[in-house]
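Got some structures for you, see below.
One chain, chain A, links the two complexes that follow: it is found with chain B in the first and with chain C in the second.
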Partner chain A sequence: MLSWYFKRLGSRKIIEFIIFALFIFFFLGPLINLALLAFSGKWQFPAALPQSWSLTWWKYVLSQPEILKSIGLSFLIAIVVTALSIIICVPAAYAFARLRFPLSRWFLFSFLLTNAFPKMGLYVAIAVLFFKVGLMNTFMGVVLIHIVNTLMYMTWIPAASFKSVHKAQEEAARDAGAGPLRVFWNVTLPMALPGIIVASIFTFLSSLDEAQGTFMVGMPDYKTMPLIMYGAVQDYPATAGAVFSILLTLPTIILLFVSRRFVSADVMSSGFTMK
Partner chain B sequence: MTAQVQLSIQNLTKRYKTGDGVSGISLDIAHGELVTLLGPSGCGKTTVLRSVGGFLEPDSGDIQIAGKSVLHLPPEKRPTAMVFQSYNLWPHMTVYENLAFGLKIRRQSKEQIREAVDRALRLVRLPGSEKKRPGELSGGQQQRVAVARALLLEPAVLLLDEPFSALDAKLRSELREELREIQSAAKLTMMFVTHDQEEALSLSDRIIVMNRGNIEQSASPQEIYDAPQSLFVANFIGRMNMLNGTADEGCIRLNHLELSNPKELRGEVVVAVRPEDIRWNDASLPGLAAVVKQVMILGHYAEITLLTEAGLVRMFLPREESGQLSGGQSVSLTFTKLTAYSKSSI
Partner chain C sequence: MSGQGLSPSLETRKPLKSTWNSRGVKHSALGLLMVIPSFLLLLFMIVVPIVTSIQESLTGNDGQFTRDNYKYLFTDPAMKANIMYTLNLTVVSSVSVLVIAYLLAVFLRFSTGKLAKWIEKLYYIPMFIPSVIATYGIINMYGNHGWLARIMLHFTDAPFMKVLYDYKGLLLANLWFNIPFAAMLLSSALSGIPNAVIESAKDIGAGKIQIFFRIIFPLSFKSMLVAATFVVMGVIGSFTAPFLIGPNAPQVLGVAMQQQFSVYFETGIASACAVFMFAICSLVGYFYIRNMMKEER
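Moving on, here comes the complex of A and B:
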């Protein structure tokens, strides 16, 4: 019966179907496996599905005060990092988009450099500096090291959004009687908002996920979710790791789902062009 | 001019680092007058307009609206409203919000705003489109909304910066007509910038032709067309034949043809003749000897290309009359109207 169905489809459709199936398998396969693992009680090798289901590891993970504390800390850090990045980078992005100053392109380009060096080398250098000024093992130290990573997104993407607001649109508002601040608040900012939201989401997520830098400057008092997870993967069975992974991925998925209206290939690609 | 002066520009100078800009521009626009600034790109017409709107700070000179200097005022405080070439509207707001923006800043009541917006939309023939977003409108409709928004501000002077140049020819002439209607009904004072001479001729009470930051001529469309003051204006407005001749005491000579010399020019001159001001006769009669090269029918009229002793000449004839001419035929040409310019003045 199936073979009859495939004959009707023709070879092109079959190839498309196979590619699609492979894509789904590689893309969703690990996620599905993870989800199954997190809720399994007993799962031995040849079986396709777990032999028994259980919430034991969820209970365990969620009852550990250290783990709960790390979740809270991670979110707190991510919120502070995002807020600070917005305060620092959005005005900078506006400046890059609107003002012509010497070497503005090179300034913009320099943000890429933090991403070009091997991260660990950079962190060690920063750690030496932090040690001198007493930022090691402090909340501010962790926040700062996260911001190093988010500078680029938070400047490039909003700068592109601000650039896409035409001068005439701002001038028309001035003409209608709005002062410069009102023009920015009522015209420029709302039009650039999708880009700023996208950049903020990426900032939030990358902060939530950051482990290397936090490990360098935050230990031993500031253990975030990813750091606890490194430990958990080594010390507990795979099931606990799966539970952790889901806890880490959940905010990403929720955020991307909520903001899918803003996240488009357009906004992303326009952010990464040098103009 | 008996009407009171609404906009007065005195000795306006604005030079950019590149050398472009305007110098010593002085002009008055009467209340209810529609004046067009016409010129090629880079002639400084937009510089003048943006200086009036407050988007450019002039190096020197003064701009007065209804007798008061506005030079020190930012754009939002000036009694002007501007319609731009494109990107006029704010895409994140509905048409209603776009139109109400300026009125809300002026703290008008909700009913007042609703009424005014409704009236403005009917005026530009877009009633009922309040809830649409600019993205859902065509280019022509967007410019209509932009005009409506500018009108709602009840400006002392309405400024338009090539507002229709991004639209196709048919829509352009349609909007031009509508704008002219609105303007004369409301007695609006308007300053219109364009590089399209046809638009300027059809729309204006007065045309100011600009070139390289200076005013070449300021006159009614009729006068600009019939008596261009400079060779530049003659070249820029309408079609023109340019023929080289010499002038002395009494007359201008184009080979054997002798023409009157009211301006009393001397030496090398350029004679400018409109294609419709040329008459042809049998080759035996006096005139400028010519041979027909080509006859092209262009609808209700025909364009005849002729090779004369003084160079190539184009002539417009009614279509019926053009039937009497064919390639290779020898004729004699006379001019019913012409303007001559001294060559040394260029």
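Moving on, here comes the complex of A and C:
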């Protein structure tokens, strides 16, 4: 009976199914496990599924002042980082895509430096410098380290989007009598917006999730959500850790769902390669 | 920025090619002005720290020039073990990631099935999951009393193998973190290969293997290099997973460095370690930057 079913499916389908199953198991298994844990009341060892469900751990986690403080701090930092990144990087992206200026190629490629070195090595180097200039354990220091993490994507992705706007369309708007600023605001910007949105979301999320750099320069006063999580991995019961994990992942899932229209392999790849 | 400064009259707007008329100068100044803030940030956050850490790594506690930090790095048995461990893990992880990601990308490019479409939708997720959370998920999944151990118990009585706090666990974490990203870069490159090219190769009698090695692989090779660079960089500098699920000895360089800096306050040794890492990666980074610069022109 079963073999007949498989024959009808064909080997191609079977291979596809096996790949799909492996994919789900390996990449989503740990996440599904966390989701189950977060809503379980009792889940003792040999059982493959929780024995009872409950929300008690949510109440526990949401009543910890340390955790609530970290959520507020994380969002504050992420918002400041995203806003500053947009202010610093989007004009630069526009300049790279549309203006001719001396050494532009050198400037463009200098951004590769942010990715040409391993993160932890760079953070140690930055921490050594921060010690000397007094930026250790300051809000500004944490913000700076978050901005520099995404400086390249934040410049390259919007630059690729600005480039993909046809000059002819801008020219047409100008010929119809619109000033340069109006052309930018009404023609160029809306067409480049998907790229800018993807880059901004990327920046926001990476700031929200950043742990290593903050761990180096922000301890002990700037404990963001991921840093609390470092402690929670060791100190909290698994269920409480799982609840906190979901709280930490929730913004990511919501933002990705809202922006799923814009997120594609092509747009994201433009942050890492020149096309 | 006022609109006036930007607005050239109709006559000066026409000659688009000439660079050094008044419009060209304005563009140059404006362009530089727009780029300078991010460049200064880069200078302060990347270039200066690297110079500082080179300086720091060559200075002893007494403030005098010394090579002791490097000597320690390459002669201390624990440190030597750390370095070899990190290099080994980096090579094995990167090769596995690239091979699996390439296979996945090829599968996604040429499969038309429904399940492939689902994978296409879902494989972004790991890229956006905070690394701490993913590591925590891995702990709860593969731990001694983890989910997998519980499920396996229903099929076999054999004791569950040790994954966490071991080489295997770090390899697994590296695969989890890097495959989706590499697959994304590669599938973006593969989707750029027109079907028509492949069809026409088929028409003149090329077999599947020939098509792969003559067309698909060469056309996606550059993206492969980019992916390789980022994967190597990510693995060698990884911290979160090794910090939480790595063995205590030998340690991955990222963790060893953080310990030297934050626990033992050995800034010199930590800096020497960082400089050593930069040296390895500037080799990889050099090829990446050169490759990108060629692409631009």
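Please note the rule applied: the second predicted complex is superposed on the first by the 263 of 275 C-alpha atoms of A that agree within 3 Å, B and C clash if a C-alpha of one lies under 4 Å from a C-alpha of the other, contacts with A are read in each partner's own complex, and residues count from 1 in each chain.
The definition used in the following text is that a contact is a pair of C-beta atoms (placed from the backbone, for glycine too) under 8 Å apart; a residue touches a chain by one contact, two chains touch by 3 or more.
The structure presented is a predicted model; accordingly, all values stated were derived computationally and were not measured.
Within the superposed three-chain model, A:172 lies in touch with chain B and out of touch with chain C [touch as defined at top]. By the document's definition of touching, neither partner reaches A:164: not chain B, not chain C. Judged by the touch definition given at the top, the superposed model places A:245 against chain C, while chain B stays out of reach.
Of the two partner chains placed by the overlay, only chain C lies in contact with A:95; chain B stays clear of it. In the superposed model, A:109 makes contact with chain C only, not with chain B.
Contact with neither chain B nor chain C is seen for A:259 once the two complexes are overlaid on the shared chain. Contacts of A:56 after superposition on the shared chain: neither chain B nor chain C is touched.
Between chain B and chain C, the partner in contact with more residues of chain A is C. Of the two partner chains placed by superposition, only chain B is touched by A:187; chain C is not. Applying the stated contact rule after C-alpha superposition, one finds that A:138 touches neither chain B nor chain C.
Touching of chain A by both chain B and chain C, each in its own complex, is seen for residues 174, 179.
Contact residues on chain A toward chain B in their complex (touch as defined above): 166, 168-169, 171-179, 182, 186-187, 190-191.
Chain A contributes residues 12-13, 16-17, 19-20, 23-24, 26-31, 33-34, 36-37, 45-48, 88-89, 91-92, 94-96, 99-102, 104-105, 107-122, 124-129, 131-132, 144-145, 147-148, 151, 155, 174, 179-181, 205, 208-209, 211-212, 215-216, 219, 226, 229-230, 232-233, 238, 241-242, 245, 248-249, 252, 256, 263, 265-266, 268-269, 272-275 to its touches with chain C in the complex.
Chain C meets chain A in the complex at residues 3, 6-8, 13, 19, 24, 27-32, 34-35, 37-39, 41-42, 44-50, 52-53, 56, 104, 107, 111, 113, 115-116, 118-119, 122-126, 128-142, 145-148, 150-151, 153-154, 175-176, 179-180, 184-185, 187-189, 191, 222-223, 226, 229-230, 233-234, 236-240, 243-244, 253-254, 257-258, 261-262, 267, 270-271, 273-275, 277-278, 281-282, 285, 288-289, 292-293, 295-296. Remark: chain B residues 53-55, 74-76, 80-82, 84-92, 101-102, 105-106, 146, 149-150, 153 touch chain A in the complex.
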